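Some structures are shown below for you to check.
Same chain, two partners: chain A is paired with chain B first, then with chain C.
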Partner chain A sequence: MDLLDFARGPAINVAMAVLVFGVLWRLLAIVFLGKPVDRTVPRLGTPGPFMAGVREIARRMVPHPTFAFAERFAFFNGWVFHVGLAIVVFGFRPHILFVKNLTGLSWPALPSGVIYAVGAITALSLTAALIKRLTSPVQRFISTADDYVSWLVTMAPVVTGLAAVGHVGARYETLLAIHILSVAVLLIWLPFGKLFHAVLVFLSRATTGAFLARRGV
Partner chain B sequence: MADFATLGDRLADFGVSRRAFLKYASWLGSLMAMTPAASRAMAAELAKARRQSVIWLSFQECTGCTEAITRSYGPTLEDLIFDFISLDYHHTLMAVSGEAIEHARKEAMAANKGKYIVAVDGAIPLKDGGIYSTSAGETNLAMLEETCKDAFAIISIGTCAAYGGIPKANPNPTGAVSVSDIIKDKPIINIPGCPPIPEAMTGTIAYLLAFGKVPELDHLGRPKAFFGDNIHDRCYRRPFYERGQFAKSFDDEGARAGWCLYEVGCKGPVTYNACATTKWNGGTSFPIQSGHGCLGCSEPDFWDKGGFYVPLSGSVGPTAKLIGGAAIAGAVAGVAAAAVARHRKSSLNKG
Partner chain C sequence: MTDQINVQAAADKFLAAIGRPLASWAEACVKCGLCAEACHFYQATKDPKYTPAWKILPIAKAHKARTGFLGMLGLAPKITEKDLKEWEELIFDTCNMCGRCTLVCPMGIDIASITGATRAAMAAAGVGPEDLFAAAENSRDRGSPLGLSPEKLEDRLEWLADDNEIDLPLDKKGADVLLTVSSIEMMKYPDSIVSMAKLLNHAGVNWTFSKKGYEATNFGYLTGKTDIAKTMTMRIVDAAEELGVKAVIIPECGHAYGVMRWQAANVIGRPLPFEVFHITEYLAKLKREGKFEFKPYSKPFTYHDPCQISRRGGATADARYLMEGLATDFREMTPTANSNWCCGGGGGVQAIARSAPIRYKVFKIKTEQVAATGVDTLVSSCANCRLTMDEAKAATKWTGGLESIVEILAEHLVTKDDD
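And now, the complex of A and B:
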């Protein structure tokens, strides 16, 4: 078994199993935890929990006007690499085929050239995010190892993917294997670190929105 | 092997002009990515070369490699080159049989000790004493070891000889191995493929004849001249890959339009061979041009890579079962964790 066989076989399969196990474990542990009975009377004229949740999700897509200027870098750069990652992950045909091979689901792909360009922009954006984290005293102070590991496991597939398509540094099959292995590491880390926000972000924001709406906030 | 005139003299006897010979050498040189100066040197050395004794051993194989080399559509000169190789032993091509051919092999080995080339096609079975493939009462292993003992170099023709190939495919019932798994003290050149490109075989033999040394090889023992590039990088369908245009089946609109075959399992991106450039049948076509994805037949263990029609980016192995099991375990763990937390909270409230 060569490195690519290992990456396409045991490594990615175990990584996906860990991802599914971890996501369901953590998600169901939260969902079935139940919430305390709220004995307060809902304020009149507020939207229901669902609408309040949707509104909160939308509202938090942009920073509060008070902080808009101060947070302009985090806002723009955050959008760039999140959208970039989405385009690269879901727009590249080989990635779509990975999903199709597992689930049968497929959708149109973007031209490879677009993906390469977006991948490069995403890598630059992630680099900028790290520089900001390291140079901002406040951000550095509140950062933990989780933040850096999460950054690393996110950045690695982008860089290795770009190296693979560009044949940079090694033979294609080796680069492809390294890329798949880096994705495997990402999948294993995702449920247990801050990257779990990918699963919880909308749930937590909606819950917060529903909670605050009831109080008329 | 009898004493013959040099290749140049013999070609002249056959009416082949020096110009034609130089053209052939240039063609061969360009095929092997040699510099013009090296091509000229190759022509000069080839002209001076004498008949090279070649002993061709066929083991666990399908004779496809021999079929391929005998159907070389190279220039007629190439056939003449073969006239200048004394093929002293070859099961399929020899007219004689029985004791006579074994005698020919041993005679050639004795007469050309340390100078002859051994070409091997087919894997070597080792299980149960190697009884699954024998010839003249000898196991393939015994014949290989005996013949290679005094050889100058060994050429493993085809993926079976080079890497074990199809006989070695899971579950490998005969314990098949490659030549390089057995022979450790001789130069070995691998010309893999199922079958190999005829020009890769003849070109490598010509190089050995001309320069008397092994050409530059890659990490899998293949001449870089023929196996230096992956098929994907040289494929005429590559622009469709870049544009995101893929055939989704072998008879859809994309397939008819000649789009990239990555989605139907083409292994071109991880396969190193000259198929996309040298092609087959005199440069007529190659598998991808004929509408089928590359199987990766010049790579080790190509038969066990998870399926010819699974895209390269797809996972292989028991993915569904593993994920299904993980989902059940994760759900149980999650619900159990929530139940434990609720119970503890309830106990605290009561306390």
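And now, the complex of A and C:
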């Protein structure tokens, strides 16, 4: 078994298993903690917890008007790399083929040129996020190893993917194997570090939405 | 802070408090740091340690130590005495639980709730400001944080009634409404008490004070001392139930309203058998019923939103409705309403003497807001905000005026004597 076989086979399979198990484990650990019963009387005319939760998930997609200026970099750059990652992951033909082999599902791919450009923009955006973290006194102070590891394991598949399609630095097979291995590392890390916010964002926002809506805020 | 620190008690309290909401919030932070933009303590000092996200660490650590992957293997770091000591200032002195950081957080983390839970854990460990803890113990032992015992209440009400020729009913059988007080008002702003009474009497409300349950402020909640929080809550609940009132009115005090309206039923473990109103909510209700007519108030002024009434309480519109048709020159400050800056003294911070210097720095934000409106009178509906700003005003030699919305309403009420 060469490196590519290892990456395509056991490595990615184990990584996906860890991802699924890890996400379920961590999510259920929170869900099963249960929610304290709220015996206060909700303000009249306010939405119920479900609607309030959905509303809050949508509302926080854009900055609060009061903080639009303060949030301008985080909002713009955050959207760029999140959307960029989504486009690269779900729009690139080889990725769609991988999903098709796994699940039978497929959808039209975007032109490779678009993917390369979006990949480069995503890498630049992630770099900007790191520079901001390192240069902002607040972000530098509150950051922990998790923030830097999470950045690294997110950036690595983007860079190795770009290197693989560009045949930069090594044989294509080797570059592809490294790319797949970097994805495996990302999948394994996701449930354990701050990348789990990809799941928690919905729970956290919805909880706050329901909490504030009850009060009529 | 007391001498003996019981770290295990803090860890246990954290674990008992963490349900799905707190766990979701404690684990969701992406360390974007945007919350610093919303926090007056950070903005006043530019010290990154005041970043609200940093205040999540103790609860997140305690949570992971018990429930994370490493925690289950016993390998995760546990909460330590050093953590509790280090975070004491951040959790007690420099967090008003005002919830402004929640507005800006892309993940929607409610750091005010996290601070509340962390205070309870710290209090269980014996960590917290002595003067704040003393206020809570005074409330339990003497009826109020400022020593307003039932006997003193009766004395002062008699004095206020005589002095102002006004009816201030106490323990009136058959009353429909129980009016509570904040001892800050009774000791420092008694006109506010008289004003509430004048407005309620004018509207023909059948109301009363009660010697059994009068103190609306709840320093048990503010310190995280849950037993005292329950005692203080039960005094009002017992008084209201004994009198059989339909409603309890909370005076001009933000946290008192937040605790009684949005916490009390959970503190006592059953729904309250009466409605709870902040005084501005109740007066707005009476105004909608056509019970008031006001003379114009022509002094230019702006309005400070108490966090627990507006941003955390949902009663933002009522103060503005009360000013409609009364104020001829009311100017909103920027930002205002639910985004308004906190006074810096809420959440018990006003009672922590060592926090005074940073509170005065925070007050600068407020005075700049006021100056930008072009007025020099700042009106509020919270005695604690008023006291915080009054002290800061003296310390910073601010020349503006601080007033109470209830007092303005009472002064401008059209009465039979005006005919």
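Going forward, the second predicted complex is superposed on the first by the 217 of 217 C-alpha atoms of A that agree within 3 Å, B and C clash if a C-alpha of one lies under 4 Å from a C-alpha of the other, contacts with A are read in each partner's own complex, and residues count from 1 in each chain.
What we mean here is this: a residue touches a chain if its C-beta (ideal position, glycine included) is under 8 Å from a C-beta of that chain, and two chains touch if they have at least 3 such contacts.
Remember, it's a predicted structure, so these values are computed and weren't measured experimentally.
Asker: State whether chain B and chain C clash or fit side by side on chain A once the two structures are superposed.
Answerer: fit
Asker: Under the stated touch criterion, which partner chain does A:Gly166 make contact with: chain B (first), chain C (second), both, or neither?
Answerer: neither
Asker: Just checking: does A:Gly9 make contact with chain B only, chain C only, both, or neither of them? Give me first, second, both or neither.
Answerer: After superposing on A, A:Gly9 lies in contact with chain B but is clear of chain C.
Asker: Check the residue A:Gly34 against both partner chains and state whether it touches chain B (first), chain C (second), both, or neither.
Answerer: Both partners, chain B and chain C.
Asker: Going by the contact rule set out at the top, does A:Asn101 touch chain B (first), chain C (second), both, or neither?
Answerer: first
Asker: Where does A:Ser112 make contact in the superposed view: on chain B (first), on chain C (second), on both, or on neither?
Answerer: In the superposition, A:Ser112 contacts chain B only.
Asker: In the overlaid three-chain picture, which partner chain does A:Val23 touch, first (chain B) or second (chain C), both, or neither?
Answerer: Touch partner of A:Val23: chain B, not chain C.
Asker: What is the C-alpha-centre angle with chain A at the apex and chain B, chain C at the ends, nearest 10 degrees?
Answerer: Superposed on A, the angle at chain A reads 170 degrees.
Asker: Under the stated touch criterion, which partner chain does A:Arg93 make contact with: chain B (first), chain C (second), both, or neither?
Answerer: The first partner, chain B, only.
Asker: Between chain B and chain C, what is the tightest CA to CA spacing in Å in the combined model?
Answerer: Least C-alpha distance after superposition: 5 Å.
Asker: So chain A touches chain B in one structure and chain C in the other; where do those two contact lists coincide?
Answerer: On chain A, the overlap between the chain B and chain C contacts is residues 29-31, 33-34.
Asker: Chain C touches which residues of chain A in the complex?
Answerer: 29-31, 33-41, 43, 46, 56, 60, 63-67, 70-71, 74, 78, 133, 136-144, 147, 192, 194, 196-197, 200-201, 203-209, 211-212, 214-217
Asker: Which residues of chain A touch chain B in their complex?
Answerer: Chain A reaches chain B through residues 1-2, 4-5, 8-10, 12-14, 16-18, 20-34, 93-95, 97-98, 100-102, 109-113, 167, 171-173, 176.
Asker: If we count contacts the way the header does, which residues on chain B are in touch with chain A in the complex?
Answerer: Listed in rising order, the residues of chain B that touch chain A are 230, 232-233, 241-244, 246, 262-263, 269-270, 300-301, 305-306, 310-320, 322-323, 325-327, 329-331, 333-335, 337-339, 341-342.
Asker: Where on chain C does chain A make contact in their complex?
Answerer: Those in contact with chain A are residues 18-21, 23-25, 27-34, 36-38, 42, 46, 48-49, 51, 53-54, 67, 69, 102-110, 113, 261-266, 269-272, 275, 311-316, 335, 338-339.
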